[in-house]
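Take a look at the structures listed below.
You will see chain A twice below: alongside chain B first, and alongside chain C after that.
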Partner chain A sequence: MNKPKNKAAVVKVKNDIEKSVLDFLKKGMDNEIFDAVLIPMKVPAGDSFAYVLIKDKSLLKDASYLPPVMPVQGANAVSSITRLGKGKMKIAAVLRPCETRATVELTKLGQTDLENIILISMDCPGVLPLSDFVKDPKKGMKLFDESIQKGEDKSMRPVCQICDKSSMVSGDIHIGTLGAKKDTFFVISNSNKGDEILSKLKISKKEDLDNWQSKVKNISEEKLKKRKNAHKTLKSKVGGLDNLLDTFSQCINCHNCMRVCPVCYCRLCYFDSDKVKHPSDDYLMRAEKTGSLRCPSDITLFQMGRMMHMSLSCVSCGMCEDACPMDIPVAQIFSMVADETQDLFDYVSGRDIEEPLPFVSYKEKELEEMEDAA
Partner chain B sequence: MERKIGVYICECGPNISEKIDIDKVIDAVSKLDDVSVAKRYKLLCSEEGKKYLLDEIKKQGLTHLVVSACSPRDHEKTFMEICEKAGINPYLFQMANIREHCAWITENKDEATKKAIRMTKAAIRRVRYHSSLKKKEIEGNPDVLVIGGGIAGIEASLQLADSDRKIYLVEKESSLGGLINNFEKTYPNMVPGSDIIKQRIEDIKKNENIKVYTDSEVEEIIGFLGNFEVKVKKVTEENEPAEFNVGAVVLATGSSVFDPEKTPQYGYKKLDNVITSLEFEEMNKSGKLSLANGEKPKTVAIVHCVGREKVGYCSDICCMYSLKFVRYLHDKIPNVKVSNFYSDLCIPGKTHQKFYEQTIEKNVDLIRSTDINIEKKANKISITYNDENKNKKNLSVDMVILSPAVIPNSDTKKLAGITSISQGDGGFFAEEHEKLGPISTTTEGIYIVGSAQGPKDISSTIIQAEAATGKILTSLIPGKKIEPEIKVSHISESLCIGCKTCLSVCSYGAITFDETKKVSVVNEVICRGCGNCVAACPSGAASIKHFTFDQLYQELVEAVQ
Partner chain C sequence: MTKAIVINKTADQGLTEVLKFLLENNRVKGVFTLKKINKEGDVSYSLITNADDLKDSVPFYPLMPVNAAKILSRFTLKGPSNVPIVAVLKPCELRAFIELVKREQGSLENLFFISSTCAGVFPLEMAKERSIGKNLSKYFEKIKKLEILDDLRPVCRSCEEFVPYNADMTVKLIGENIDKKSIIFLNTKKAEKLVEGIKLDVSEKDLDKKTLDNFKSKRAEEKKKIFADIDNKTNGIDGLIDLFGRCIGCHACREACPICYCKLCEFDSSDCEYKPSNYEIELRKRGGLRVPPGTVYYHLGRLDHVSISCVGCGACEDVCPVDIPLSAIFKKIGESVQKVFDYIPGRAPKEDLPITTFEKEELKEFEE
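This part shows the complex of A and B:
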């Protein structure tokens, strides 16, 4: 993957982009390039969205390639069907860039098998916070559409507002809408699999991608600036042990953040296991030392443990923050920590499937700045 | 179970007693849960001390033992043996190092005492969570894998097979013999190379104890002394690899020569009639000792030390074989004039001097020189050089033989990866110790013989083959049991998420992946208990015996408060 993407195919939009993208997927099924499509769809009650595996191509028209919310991280959807290995069928999975990146991370961790999966991403405008949306789904739909039209992100998840990787391509095919001529979109191939699909669909890559690339560059640079500022402000609020303890003191220990996190993939969370349950006397001993002890204890330790375990693979998708009933800015804190830890290893989670996880790649000279000054 | 922990604090003569208030330590720990006795003794590692401890364990009916004394590296084993003698499991014991970690690092008796209390408490807390561990014994496999079918591998194979060991001899070429096959004669007694090797190859073929794999390469070696699992694959075919077990491995992969193209001043590959020593041996053996145009050379130069500066070592054998080449030339071309260009002559040993003196008796020039440059001039090869007095000189010859540095075989890197034996100076396999362990390696049960370990002549190679044979015969005795590591890792099937992170950090190849269950599995016989997988496992599925989470946590609770 990650070949130079100088040329792309261009598809003409009929009616609206959504229909045309779905039509593109249907063509893929018509031509038996893939046997099924994994894509979000509105739930029957109409007030939320869920990933569905569509085998009957006539149902594709009801799917939604760019839903306004992310109730389930797409990487979890992919992992749920390929955790035990690939199947016989080829499946096109339509995921946002952060979902694609989480899928790439999970693949490195052996939690998916992408051999028969085609990852399709798109330029992402962000998603609305789930709690805002469910209060009034109709209003939410309208707000989302208007935000896209106006190019505004102030209603989106806080981490979406500071996302500098909203057009990052790390799957097989990317739908590019930025910088495209009126009533067209780019179909960008990013792998041999992607090339193969375009050639089977007889779509040739002849259009120059400069426009898309410069637009994406502008947006990511602007967002990166915003991100750095936001992290700076956040750090002054949550940095240091006292601030950190204060920030997480509201935590009700529900572990929702862990359950919805795409890269938090343990079968049994360490913090749910018996390993953190100690003899009664141990707690008494701790209480004796400090005068009193919050029970259950080690709430901030859970957050710090998760940060230590997951920050190198964190894709800043914002699932955790959406799921926090106490409105703790978990995702913003994680995105800040993740940027710093990933920077240490020159690593970007989900950027490239060939890039090894920092924890399993040994370099003789690494992190020298962290060594004790002798 | 009711625990009765005995805590014994060693005075270590004045070492501990002068720096630590031992009675204070005893006061601080004797009331702790499960501690039934806390006492001091003058020197626990002495014969009297050991007897005292043995009697105490029995008399007090102890179930667990804590000794606060020196570094566990000094006496952990001593006290574990006492536990065993006294009838308690040696793993229900913990040592606190209050000498190196407390007494010896400060002049402040108060601080030292405080820390000694903390460390002793930590040991007591830890030992309460210890479990009995049982020793395992497996039958050591006395068979041997020999990699490389040159003189080193052949010699080791024959000698071991003579002692009734089964040998697996793996050679990547289609026939045995290695480089000696090319040598018409060998120095210093000018015995034909085939005399040395032919009979031996026949012996190997006849020997029922030796299984030969030609055209084959070793793909995998996992294990330790007495228990290596080996996979060998035919290079030419797509067959499944042959799999077998051995108890020891002999690396006899030999050497190759430095590529003179990397030193362009010698004109190799650019000029006709400039050849390497190995090419000359082949040419001589085939009986076609001639120039490219078919004529016999009248003048020949032999250039020693080609590439010596690049590799950074003297290759030991080049001077001698270069002199042997003089003999070849004189034997085949009566009036040939030979000039040897050398920088230092290396002819040690009780017979080599004589060989040298006899060789230089006729028609040989030995030219000590530097800054050699070889070019074509008319129909001749022109050698310019600086002589010993730094005067620029020139000599024209018909043929140039380059004697390049001896370098490790090209497979060395791959095999180093497979065996985890590192490459030392010059890229040769690293011996355990240059003087004290010249054929042993850092992995018990893997030995290096011959020029795989460094440039070497035939007799030194045979000496090493015999040495390895001796090592193997004395360490791997059929029927003798081998004790694998007890403190091994275990991966919980119900917690393992199958990310395979552990596989990439295991240095011993002890972890495999169960594709049906999608979980990692530790081979307890191969695991050495290093703990890499435990540290790397992101889902807490891996744990290591005697260093369990609880044990470490409990120890830390006291140690770091």
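This part shows the complex of A and C:
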């Protein structure tokens, strides 16, 4: 995929932005550019949101392109439909940037087939912590709307507050609201697929993107600064084995972080396998070394193992932290480590589908600084 | 009347003294119990082998960080313990372990069980907030007066199985004087032999049945209320969609459930993975489809699989990130299924699982 071109289409907002985005999607279905739309929708009880694959256009009016929470990572929804291959239907998947990036990573990992999927992302203001939201969904809806209006992020999840990629475009089409003139939004194409769609919809790309680009640049620079600071503070708290043991001391080994992680796709995790089930004598021997053994054991080992397996592809989406029953700042810790490991390979997870995973690309000369000085 | 050790200390302190005796005198090689694990006072199950480490043990801390049955199962999954071990657990944890043993997920050999009359535990959420410590005195004040504390987990407030089955020793934890006197009943010959020679008062005592019956009726009242809250929702698909609609599919309930022991759950298997063409067919039929699919199906499936053995421990609800009232749902359905077979999960290791027992004449009332 190419970098966003300097020109974008502009769509006039009729009622409100949500309705206009849904209108745009409906137009896509009317023109048979896509057969179905994958998009979040309020659940029947109205207390949360879920991804719904919509073919019946009349259902679109209840969809929500920018819900206040992320109950399921969109990449998992895409993978659920296409893991076993591409379908006949063309599906437009409306995902936040981190969900799009996770989808790109899952594609590299062979867990999705994007041939008939059109990835549509948007400028993301972040989401509220899920546990706060479900306690009082009405209040949550209000809080989210107010935060967007005021341009505030202090109610959003900690990992959203330090997200410097909240407008990263790695799918086919991006809805840009930043820097757009009043009552308009940008439709930014980022691929041939995206170009094709715009031309079929007869929306021409003639608007300059400078405004959007400079706004995005400002926000992402500001957030990056915040992110680096947050990571620095966090590192001083969790760095080193003692601090790590302390940080994960309340972990109950439920592996929820792993199961909601879009990148952790293994059907049977190593840490659920027979490899971690030992004879009783082993546990006793370990207890005898120090006098007692915390049970379940190997909590930190699991966290480290998971980090090692997925940090190169971690998109800092925050699902793990949302799902942690013990409120361990998993997403913040993983985002900190991910930044460092990805930097090492000059890799940004989900940035570009053409960029190979560092683990699968061999370079004769690399990481020399890690070699023994001798 | 049963032989009982009586110590003029709190239940925690009294039992710790007995545990110390057992470790120091090599009667057991290890003790499974709740223990403080850091300076913040977080509590976790631990396998203690050194008597000195018992100083941080809090056997009756009102929290269930994980269901201990899972820990004992992990410990004995590859074979029975080669040395005697004593485990202190809550009645529902002990029942869950018995159910796991029936399913060949653990072994009773070489294990001694200490349990208590159980007043219930606080939600895991309070451990996260580290607010249990300051509520401990309130907790014990209430159970001394046989009252039910509102802050306890709903499933505990409504639990009628608070007297353990299959415990070698039972510690009195409901009723008056529990903060001054610890009474440890020696229910089995095994237990009497285990503590033989201990330099503590042993006398004949009785668990006060009248007090416990009184407490049980209060719990039954609570149960009625809690079941009534979900009553109209567990019948029919609309109610179920309302209950489970906000489920995020993390399957934490299954992971925390002591009965759900499968290595690969049906609902994570390829059986529940659909081809794009399946989605397309469904989509044509319905116009819209929740993705990933099968949210209610998963919970119904799990109910189907575990309800006969559900001990109502509440671990599922404790870990649910979106606060679905799982324990009330599973307890309600579980009890109704168990009643059909006159089965109480974990009551007796020798009692066969109804699903594995063939009776020529049964369930006639369900026949057409």
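In this section, the second predicted complex is superposed on the first by the 372 of 374 C-alpha atoms of A that agree within 3 Å, B and C clash if a C-alpha of one lies under 4 Å from a C-alpha of the other, contacts with A are read in each partner's own complex, and residues count from 1 in each chain.
The definition used in the following text is that a residue touches a chain if its C-beta (ideal position, glycine included) is under 8 Å from a C-beta of that chain, and two chains touch if they have at least 3 such contacts.
Since we're looking at a predicted model, the values are computed, not measured.
Colleague: With both complexes superposed on chain A, which partner does A:260 reach: first (chain B), second (chain C), both or neither?
Modeller: Only chain C; A:260 stays clear of chain B.
Colleague: Touch check for A:81: first (chain B), second (chain C), both, or neither?
Modeller: Touch status of A:81: second partner only.
Colleague: Looking at the overlay, does A:162 come into contact with chain B only (first), chain C only (second), both, or neither?
Modeller: In the superposition, A:162 touches no partner, neither chain B nor chain C.
Colleague: Is A:268 touching the first partner chain B, the second partner chain C, both, or neither of them?
Modeller: So A:268 meets both chain B and chain C here.
Colleague: Check the residue A:238 against both partner chains and state whether it touches chain B (first), chain C (second), both, or neither.
Modeller: Touch status of A:238: no partner.
Colleague: Given the touch rule stated above, what does A:309 touch, chain B (first), chain C (second), both, or neither?
Modeller: First partner only.
Colleague: By the touch definition at the top of the document, which applies to A:47: first (chain B), second (chain C), both, or neither?
Modeller: So A:47 only meets chain C here.
Colleague: Quick one: is A:118 in contact with chain B, with chain C, with both, or with neither? Answer first, second, both or neither.
Modeller: A:118: touches no partner chain.
Colleague: Kindly classify A:128 by the partners it touches after superposition: chain B alone (first), chain C alone (second), both, or neither?
Modeller: neither
Colleague: Tell me which partner touches more residues of chain A in the superposed arrangement, chain B or chain C.
Modeller: Looking at chain A, the partner in contact with more of its residues is C.
Colleague: Overlap the chain B and chain C contact sets on chain A and report the shared residues.
Modeller: 83-85, 267-268, 273, 278
Colleague: Where on chain A is chain C touching in the complex?
Modeller: 36, 38, 41, 43-45, 47-48, 50-56, 58-59, 71-72, 76-77, 80-89, 130-131, 134-135, 246, 249-250, 252-256, 259-260, 267-268, 272-274, 277-281, 283-284, 287-288, 291-296, 322-327
Colleague: Which of the residues in chain B come into contact with chain A in the complex?
Modeller: Against chain A, chain B makes touches at 494-501, 504-505, 518, 536, 538-541, 549-550, 553, 557, 561.
Colleague: Contact residues on chain A for chain B in the complex?
Modeller: Residues 83-85, 109-111, 265-268, 270, 273, 275, 278, 282, 285, 289, 309, 357, 359-360 of chain A touch chain B in their complex.
Colleague: Residue numbers of chain C touching chain A in their complex, please.
Modeller: Contact set of chain C toward chain A: 29-30, 32, 35, 37-38, 40, 42, 44-50, 52-53, 65-66, 70-71, 74-83, 85, 124-125, 127-128, 238, 241-242, 245-246, 248-252, 255-256, 263-264, 268-269, 273-277, 279-280, 283-284, 286-293, 295, 318-323.
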